[in-house]
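In what follows, subunit A forms one complex with subunit B and a second complex with subunit C.
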Partner chain A sequence: MNNKEYQKLVKKHTPKPKVGKNAAIAFFIGGLLGSFSELLQELYGLWFHMPRKEAGVLVILTLILIASILTALGIFDVAVAKVKSALIIPITGFAHSITSAALEYKTEGFVLGIGANIFKLAGTVILYGVVAVYFFGLLRILIMGG
Partner chain B sequence: MTTIYKNVYVKETATIAGEYEANGPLKKYFDRTYTKDLYFGETSFEKAEIKLLRDVTALILRKSRLKEKEVDVIISGDLSNQIAASDYAMRDFDIPFLGIYNACATSSEGMIIAANFIEGKIYKKCLVTTSSHNTAAEKQYRNPTEYGTPKPDTATFTVTGGAAILLTNEKTNIKITSSTIGKVIDKNTMDVNHMGAVMAPAAADTIYRHLTDLKRAPDYYDLILTGDLGIYGKEILLDYMKTAYNLDISKQYNDCGTMIYDLKKQPVFAGGSGPACSALVNFAYIYQALKEKKFKRVLLVPTGALFSPTLFFQKESLPAIAHAISLEVVE
Partner chain C sequence: MIYLNAFLFCGTICLISQLILDNTKLTPGHVTSLFVIIGAFLDIFGIYDKFVLYCGAGAIIPITSFGHLLIHGAMDTASKLGPLGLAFGVFNLTSAGISIALVSAFILALILKPKH
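So, the complex of A and B:
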């Protein structure tokens, strides 16, 4: 049996990922998280008499804190298995990737462990995030003049 | 290459299993279970795996009432880089050591080397040990252990455990009768979350060569047992053996990866994997079943994906191997 025929045989016995169901769960739970953030932003504005933009930063910090604590308690990865990408795509996923790497490599020390590995997963997001921001910023200046 | 043995026997086995394995259906067959957490009192997962190997080696020496000096060689391997768990565990034993690696097929590789030493009358007593540790393997091969990412149903769950077997030239009730060394087979599978598909052709090739070399029909064996193909890999193997070799082994066939866990209740996707998966099932449950004569002839075919994360990122497909070794009850 050649490789192509074998891959066909494999496909026959491989369950298809439940894309529709997973996407629906992610959309619903991700949406809930978005609504919670919106509510928090309104409340922060109300409680601390903050402009909307500054309240937004505080919301992000809150979400990062919650995600990191849940990661350390071993709850976040269990939740992700249940609600799929709903928690991985938002800022909570970014915080989770950094906290989980820090936890993992603490056994190798502060410098060669945590320091060298904390951005193991997040590094890609940071690098291409910065590059993308640069180019979109450039496009904005060229097209809209600032 | 298939070899027949006339003077190789199994003297003793020892097994230590982790929490998930202790919650599975084979709990009563394990000598010891460590169920508090995955650290076993050590400060890291890697050190916990060393402890597993150290403890299981000490346990088999005690069970077989042997002093370290009486063992000719210890052959050990595991999943960690530089097979570090084996290397570090064997510091504590005054026994000559051979380190081996064939991923999850390591136990059968070790048993074949040991059987050849004994059959060739070079050594009299050879100890074979292996281990795997769920979170140490996750850390090395995948993501940080606390990192959650959705996994497909075809993924497997690395077994935590240490297992040891003592082979000897002294007659016992369980004899090693033959072995077939596997070839590295690569059918161009590119999915690291579908190791069953990666390893099934290697298992099929070894089983087919074993049966044809010895001119045996599958029903010569009461049980043909692969290592860690999982639910879907099992289906693939049976279909592949029928289509490629016109051989039907469905009546005798099972897979350790689907036996070690309760697949309906435990969150292990397609089943167990890792060197300790087949070793725990074979050295605990199968060994006991042979002693009780529930099975009389068993063909063990541990399967291993010889996969390097670096080469996978460099777009290489995944090679696999499987070695077969047969155990029979002496009447």
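So, the complex of A and C:
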């Protein structure tokens, strides 16, 4: 069996993800999370008499806290395996990556373990976000004057 | 109405990401980075502000809003200080999220053990 045939065989036996079902689940759960956040934002506005913008930040913080705690308890990974993107793309995925890195590298020590690895997965979001902002920001200043 | 918009916007973003993950070899890390860049890009022309206006928290929750918040903070200070303001303000609006995520992750790592 040459290499090409082997690749073919591997491809044939790799389980195909259920694309349609996964997409529908991601859409539905992601949408529910969006609506729930909107509800939370309006409730925060009512309870604390906050402007919408600050209430929005508080919603983000709430989701981050919930996601961190669920990650530490091991519930988040089970949920991600079921609903996929619906929990990775919202800010919960960001919190999950930081908390899971902190827990995973705890055994390697506080500085070389937790400290050095806490941004291991979330760092990519921050890096490319900041690089994009510098690039687009300068572009906007040059073209539109700010 | 805003609840429906929030549902549709957040759901669509998750749907697109799921389709990318299932049909290409990209990992969640690739997709989130891509979405942050798209969020920052959409904000150049103020398009993302419109999404936030009509979809409320549905547009604030996805990771695309991270890029939107980064560039908003940067442009706010850039309007006062010039191009150098980009450096001063880039984390202004996202610092709350990042710091809470870091502190809660640290405290949880202190008191709990990883589950596999």
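Assorted remarks:
Please note the rule applied: the second predicted complex is superposed on the first by the 139 of 146 C-alpha atoms of A that agree within 3 Å, B and C clash if a C-alpha of one lies under 4 Å from a C-alpha of the other, contacts with A are read in each partner's own complex, and residues count from 1 in each chain.
Basically, a residue touches a chain if its C-beta (ideal position, glycine included) is under 8 Å from a C-beta of that chain, and two chains touch if they have at least 3 such contacts.
Source: prediction; values computed, not measured.
Room for both subunit B and subunit C is found when the two structures are superposed via subunit A, with no clash between them. Of the two partner chains placed around the shared chain by superposition, neither subunit B nor subunit C is touched by A:43. In the superposition on chain A, A:12 makes contact with subunit B only, while subunit C stays out of contact range. When both complexes are overlaid on chain A, the residue A:81 reaches subunit B alone and has no touch with subunit C. In the superposition on chain A, contact of A:22 is made with both subunit B and subunit C. In the superposition on chain A, A:112 makes contact with neither subunit B nor subunit C. Residue contacts after overlaying the shared chain place A:133 against subunit C, while subunit B stays out of touching range. Taking subunit B and subunit C in turn and counting the residues of subunit A each one touches, the greater count comes from C.
Using the contact criterion defined above for the overlaid structures, shared-chain residue A:124 touches subunit C, although it does not reach subunit B. When the two structures are aligned on the shared chain, A:3 is found in touch with subunit B, with no touch to subunit C. The gap separating subunit B from subunit C at its narrowest, counted between C-alpha atoms of the superposed chains, is 5 angstrom. Note: residues 17, 22, 71-72, 74, 77, 84-85, 88, 99-101, 103-104, 121 of subunit A belong to the subunit B contact set and to the subunit C contact set alike, using the contact criterion stated above.
Taken together, the subunit B residues at the contact with subunit A in this complex read 43-46, 139, 143-154, 187-189, 194, 197, 201, 232, 235-236, 239-240, 243-244, 267.
Contact residues of subunit A toward subunit B in the complex are 1, 3, 6-7, 9-10, 12-15, 17, 22, 71-72, 74, 76-81, 84-85, 87-88, 96-97, 99-101, 103-105, 107, 120-121. Chain contact summary for the complex, subunit C toward subunit A: residues 2-4, 6-15, 17-19, 21-23, 28-29, 31-33, 35-37, 40-41, 43-44, 55-58, 60-63, 65-67, 70-71, 74-75, 78-79, 82-83, 86, 90, 93, 96-98, 100-102, 104-106, 108-109, 112-115. Those residues of subunit A lying in contact with subunit C across their complex are 17, 19, 22-23, 25-35, 37-41, 52, 56-57, 59-61, 63-65, 68-69, 71-74, 77, 84-86, 88-91, 93-95, 98-104, 106, 114, 118, 121-122, 124-130, 132-134, 136-141, 146.
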